[in-house]
Amino acid sequence: MKNTFGESVSVTIFGESHGIMIGAVLDGLASGIEVDEDFIASQMDLRKSVGALSTARREADKVRIISGVFNGKTTGTPITFIIENNDTRSKDYGELAYKARPGHADYTAQMKYHGFQDFRGGGHFSGRITAGLVASGAVVIKALRKKGIYIGTHILTCAGVRDRDFNNLTDDINTLNSLDFAVLDENSKSAMTEKIEQAKRNGDSVGGTLETVVTGFPAGIGEPWFDTIEGVLAHILFSVPAVKGVEFGDGFGITEKFGSTANDAYCTENGKVCTKTNHNGGVLGGITNGMPIVFRTAVKPTPSIYKEQETIDLNTMQETTLQIKGRHDPAIVHRARVVIDSVTALVLCDQLALRYGTDWLAE
Amino acid sequence: MKNTFGESVSVTIFGESHGIMIGAVLDGLASGIEVDEDFIASQMDLRKSVGALSTARREADKVRIISGVFNGKTTGTPITFIIENNDTRSKDYGELAYKARPGHADYTAQMKYHGFQDFRGGGHFSGRITAGLVASGAVVIKALRKKGIYIGTHILTCAGVRDRDFNNLTDDINTLNSLDFAVLDENSKSAMTEKIEQAKRNGDSVGGTLETVVTGFPAGIGEPWFDTIEGVLAHILFSVPAVKGVEFGDGFGITEKFGSTANDAYCTENGKVCTKTNHNGGVLGGITNGMPIVFRTAVKPTPSIYKEQETIDLNTMQETTLQIKGRHDPAIVHRARVVIDSVTALVLCDQLALRYGTDWLAE
Amino acid sequence: MKNTFGESVSVTIFGESHGIMIGAVLDGLASGIEVDEDFIASQMDLRKSVGALSTARREADKVRIISGVFNGKTTGTPITFIIENNDTRSKDYGELAYKARPGHADYTAQMKYHGFQDFRGGGHFSGRITAGLVASGAVVIKALRKKGIYIGTHILTCAGVRDRDFNNLTDDINTLNSLDFAVLDENSKSAMTEKIEQAKRNGDSVGGTLETVVTGFPAGIGEPWFDTIEGVLAHILFSVPAVKGVEFGDGFGITEKFGSTANDAYCTENGKVCTKTNHNGGVLGGITNGMPIVFRTAVKPTPSIYKEQETIDLNTMQETTLQIKGRHDPAIVHRARVVIDSVTALVLCDQLALRYGTDWLAE
Amino acid sequence: MKNTFGESVSVTIFGESHGIMIGAVLDGLASGIEVDEDFIASQMDLRKSVGALSTARREADKVRIISGVFNGKTTGTPITFIIENNDTRSKDYGELAYKARPGHADYTAQMKYHGFQDFRGGGHFSGRITAGLVASGAVVIKALRKKGIYIGTHILTCAGVRDRDFNNLTDDINTLNSLDFAVLDENSKSAMTEKIEQAKRNGDSVGGTLETVVTGFPAGIGEPWFDTIEGVLAHILFSVPAVKGVEFGDGFGITEKFGSTANDAYCTENGKVCTKTNHNGGVLGGITNGMPIVFRTAVKPTPSIYKEQETIDLNTMQETTLQIKGRHDPAIVHRARVVIDSVTALVLCDQLALRYGTDWLAE
C-alpha cells in the first residue's frame, strides 16, 4: 500500500508542503489510551527545531485531532490529525516548477507523476509531511512509556563531530527527550552547531548520523523472515527524508569482527536472561532478545543549498543551472531525530499488537 | 504477513533445516515467462559455495517445481519449489536442543515459540531456508535480464580485505555472475579465502560486506513514503541471515559530505537524463532515477564457532557453557551473495508489476 | 488493516457521527485524473436523499479536498476529503450512552472498545461515515466513465414492492444516475415511498434489495482464489451499513437451476466473445468474462425505530427497555445506492490498477 | 495478494488439477497446537465424498506435512501440506485445450493468462485445489474446538429439496460432522440424492444451498468497516468454487421484514447477554455479538455436464459446440460443505489472532 504503513496499528499520511492541510490517520490503536495534546505539541516543537540552524519557515504547526479521541482517550477507531499550512511563500519556488533540484525528488516525481505532482516546496515529498508521523508517534510514545518501553535518539555524528556514546541508558534517554538538539555531551552541541552554521555561511549543508536506543522492549517479538524487527524498522526508517543507511547493533562495524568477538554471550542478571555485550543490537534471527534495540541511521546533507548547481529543465529535459532561493536548512539531522523516534514507536506498537493482541497496549 | 513478502509478486517460504522438505511459493508472476531449470540449478550451486570455505553439509539441493510451470513457461499461477532435506545428521545437534548458541536465534526462538520450535540445525531460522528464495529468484533474475535489467553483487570487504570498486558495470556484472566467489579483483579471492581459512583454523569465523548494483532499471519506480525502493529492499535484505546493515549510494559515508558534494548533478547523455555522480545510489525521494541502484549490506561473522562460549540452558534459563560441534561455515558472506541477488530481483519485479501491471514482465 | 481497503488504489475512512470532522484518504490513484467537485457534490446529495423519507438531520455535507489535487487534477499522491459535522444534536442521544439499540452496533462496540467508543449517534459506526466513501467514489466513477465503464444501481425491491428488471443497460444506467430515488419503473417509486411512509407512521422501518450492473468492464480481471472479483466486491459491500447478503448473477436463484440452464453458452457478436445469458453475473472462476457484472445486495430495515424495544443497559448489562427518540430514517435502501456504486467503483479501480498498472486509468 | 489469504493467520494455496502436486502453506498459527493427522485424513475424505454422486476420479489424497510440525505439534512456523496428483487421465481432456466449457473458467483463464495456463482438468481453477484448504482447515477446526468454538454446515436445499432447520445447535453440529452427506433430516438425504442421480441420468447437474453455524465464538471480534466479520468471511467464501451468493442471518429474507421484527431484542440468560432472535446472524456493525454466527452460501450446479453445449474455440475465438467427456460430478454442494467449514475456521482463527494475539489459540 502506498501512504499507509503497519498491519495491526497503521498510519496513513497525506498532504503537500504548500497544500491546504497535511496530516495523518493513526488506526488500530487500542481504545482507552490517554491522548496528551500538550505532549503532541511538544513533540511537534522538536521537529521544528532550533534557532538559526533550521528553516526560516514559521508554522504554528497546531495539530487538530478531528476523530478517534473522546473524553481525552482513544476510542479504538481512526485518530485523524490535521495541520494547516499557513506560511507558504509559493512565489519563492517559481523556478523550481521546471528545474530539478539535485539531491531532491523533483526529477523522480516527474518520472512517476508525469508533471501532475504539486511541485511547490517539494509537495508530497516535503519533510513537512513528517509532521503527521510525529503527531501519531507522540500518542504511541506516551503509551509505550506506560508499558516501560522508552525510546531515545542522539546525534551520534554531525559534520565530522562525534557525540559521546550511550552510557546509562535510562538517564541518557531522559536527557535526550528534553533537548531540542539531541546530544549526550553538551560540547557536541556547540561543536556541531558551529559546523552547521559554517556550512550555512558557505551556502552549503551537512549531514549526520543518528543513534537510537529502545529499552524495556520484551523478548520474542518479530519474525524470522521478512517481518524481522530489523526489516520492518528499516522499511519505515528509509521513509524519513534523507536517510540513506540503517544498521543494527554494531552494523557495518560487525563485519570486521570475528565470530568469537561478535557473538553476544548470554548470562543471567537478577534471574533475567541477558547478554554481556550487545553487538547484535537486541535482535537475533529477526526477533528481539530483550536487550536494548540499538540502531543507527545515516542522514544525508540537506540537498537544498544556495550554491549554483548543474541540473536539467523538467519541461525540456535539457541541461541548465539552478540557483535555489528561499529558506532552507543547512542541516536536518537534528530535526529528523523526533521523526525517527516516532516511526520507531509506531512500528514497535504494531509489532506488539500483532503479538499480544489489539488491547494489550491499553491494559 | 509472516513468511510471505511482496504485493503483486510475492514469495512464501517454508521448511526447517532438518525437516522433510523446504521450499517456496512464488506467486503473481506474469504467465508466459520461460523457466530455465538449469539456471535455477546453477544459482542453487552458488548458494552452496566453495571448497573448504563452507559447510561440510552436502545437499543435492535438487529443486523440484511442482506447480505453476507448464510446457516450460510460467502459467501465471503459483510456482512451488520443493527441495528435500537428505543429509541431516541430527545427532550432531543434540546439545543444542537446550543450549542457546550465542549470535544465533535459539534464545529468541524459545521466547517466541515457547519450546515448540524445531531446534534441529536452527530449524526454520536456518540459512538453508534461503534456498527457496534462490530458486524463486532464479526465475525472476532471468526474466529481468530479458528486460535489460541486470543485478550483480561482489564481496566488497571480507575479514579486512577489500575488493576493487565497480568499474565497467556491464562487464563487472557479467564477471560476477560467473564466479562462485564473487570478487572483481582476482587477488581479493586469495587474500580473503586465506583469512577465512585462518579463522577456521582458529575455530572462529569472519564477516564481510556485499555491494550490489542493478543496471537498466527504469526511472519513476517506488513510493515517496513507506514503500520507498530503499525501504522495501532493506525490509527483505534484513531477512538474509546475518545481515546487520543496509546502505544506499554512499550510505553512511554520505553523512560526512557537504550538500554540494553529496548532490548528484544532472546532465544528459545521448538524450537521456542521468547524473554525473551517483552518491544517492539511484534513488531519490524513494523513487528510482534511472541511474544504477547501488547498495551495500553488512554480513556478520557466522555465529557458529568451535570456540567455547558462555550461554544459558533454555530449559533452566541458567548459565552454562557451550562447545558447538558439527559442521559449520567460517564465513557465509560469499554464500549470501546469491541470496541478496535473489531477493533484490524479487522486490524489483514486484515494484515493476505494481507500476506497469502484472503482464509487463512477460511482454 | 482496519479502516483501509484496497491494494493499489486504497481508501482510508475516519470520523464519528458527532465528532469534529469525518472524511477519507483516497490513495494510489493515477496522476492527471480530472477531479470534478460539482460531481462530488451531486453524488453527496444522492446520499442525503429525499424529502420525508429520510433523516431530518441536515448537513451541508460540503466536501473539502485538502490534499492530492493540484490544478483540478489528481497529483498521484493521497487525496484527502474532509467534511465538517455541524448539525449534531447530541442531547437527543443521551439515553443511548448506556442502552444498546437492538439491530445497531452499540453492544458489539461496547464489547470491542470497552466503553471508550464515541457512542453519540453511532460514532464511527454511523452511516454518516459512508460520506467519505461517496466522495472518494465520485472521483473514480467519473474516471471509469472516461474508460467506458459504467455503474448503475436500482432498488430492485423495497417493502414488498418490486421494480422492473434491467432492460437496455446503457439507457437504464443513465436514467438511474439522474434519479434521487433509483428505480427503473416510475410507478415503483410511488409504491415504495408509500410503503416507507406507512412504516414511518407506524414508528417502524423497512428494508430492500439493490441490484447493480457494471458495463464496459474488461475480461480477464480478478483472481482464481481469494481475490475473486466476487470476493473483493463482497468484502467491501458488507461494510455498507445494513447489508446482510450479496449475490452475483442469479445468486441464490441459480441453486434451483440445472447445469444445462445455469451455464451461459458462449457466442460471438461483432467479433467479440460474449454469452447468450448472464446467469453468472459476468464472473467465472473469480475472473471477469467481459459481460456486465451483476450483483444484488440485501439491505435490512433501519434498526432505529420509534417502537419500544427490549434491550440491555451497557453499564449494568441488565435487561431494560428502550424508546428511541431523535430523527431517523424509515428506510435507507435508497440512500445506500450511491454508497454501493462508490465502493464498487473503488474496488474495480483497484483491480484495474493491479492488472494494468498504476497509470492506466489516466491514460 | 493473489493466492494468500489472511493477516495474522494466513493460507497460501498452489497446484493444478493435473500437475505434480497440490498443497497449501498455513502460516501464523500459534506454536504448540496439536496436529491430528487422522482428523486431517477424515476431513479430506469428506471432500471426496460419496458413492455414485460424485466424481469417478480416485485420489488417495494422502496429505503429507513437510514443515511446521514437530513432535506432533505446530512449531509456529509455516505448515506445508502437499498432496500428490496420481490419477490424472489427461487424455480425457484433450478437446478442452481449446474449447471453453460454459460455466467454467476456461475462457476467463484464457483472457487472464493468455493461453499459458495449465488447462488440463481446470488447472489451478480446479475444485481439487480446495484440498489444501481442507487440510489447513482441519488443523484449525480442531484447535477451535478446544476453545469451545464449533462449526457445522448442512445442505439446506439441493435440487428443490429442503432440509430441516437447525434445532439444537450442539447436537446438530455433532451430527453433521459425522456425516458424509450433511443433512439434519435423514429423509433429506434420500430425496436429494435421488434428484442428483436423476440429473446425472439426464447428463445434467444440480446446485444447492449450504447453511453454516458457528457456536461459542466470542463477542467483540471484527471491524466496523471493511474487515467486518461478514466481509472477510464472504471474501473467502466466494473462493469456494461455484459459490454465487453469501448471506448472513436472515440475509435476503430480512429485506422483507419491518425493523420491529428484524431487530434482535437483547436479554440476559444466566448472566450472559444474548438476543431473543438471531436475524442478524451473530454480527452487528461488522462485529460479533456472541450469538451463533449464521450464514448461507449458494452453490451453483456443476458446470460440467454431458449435454452438448454452445461455446467458442479459444484458439480461433469462433463459435463451436462442445460435448464434455470424462468423469464429473452431478452435484458438488455436498462436497463443498467441508471446504466451507475449513475456510470459515481459517478466517475466524485469523480474526481471533488479530484480536487476542498470536498465542491465544494455543493457550
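By written order: A, B, C and D. Residues from 1 in each chain.
Here is the rule we go by: a residue touches a chain if its C-beta (ideal position, glycine included) is under 8 Å from a C-beta of that chain, and two chains touch if they have at least 3 such contacts.
Given the structure is predicted, the values throughout are model-derived calculations rather than measurements.
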{"item": "Farthest chain relative to subunit D (centres taken as mean CA coordinates)", "value": "A"}
{"item": "Comparison of B-C and C-D by number of C-beta pairs in contact, larger one", "value": "C-D"}
{"item": "Centroid spacing, where centroids are CA-atom means, of subunit B and subunit D in whole angstrom", "value": "38"}
{"item": "Computed distance of Cα centres, subunit C from subunit B, in Å", "value": "45"}
{"item": "Centroid distance [mean C-alpha coordinates] between subunit D and subunit C, Å", "value": "27"}
{"item": "Where subunit B touches two or more other chains at once, by residue number", "value": "1-4, 7, 13, 77, 112, 124, 224, 359"}
{"item": "Subunit C contact footprint on subunit B (complex, rising order)", "value": "7-8, 77, 224, 354-360"}
{"item": "Footprint of subunit A on subunit C - complex, ascending", "value": "1-4, 6-7, 10, 12-16, 19-23, 25, 27-28, 31-32, 64-68, 70-71, 73-80, 82, 112-114, 116-118, 123-124, 359"}
{"item": "Of subunit B, residues touching subunit A in the complex", "value": "1-5, 7, 13, 100, 102-105, 107-109, 111-112, 124-125, 129, 157-160, 199, 202-209, 219-228, 230-232, 234-239, 241, 243-252, 254-260, 262-268, 273, 275-276, 279-281, 283-290, 296, 298-305, 307, 309-312, 317-319, 333"}
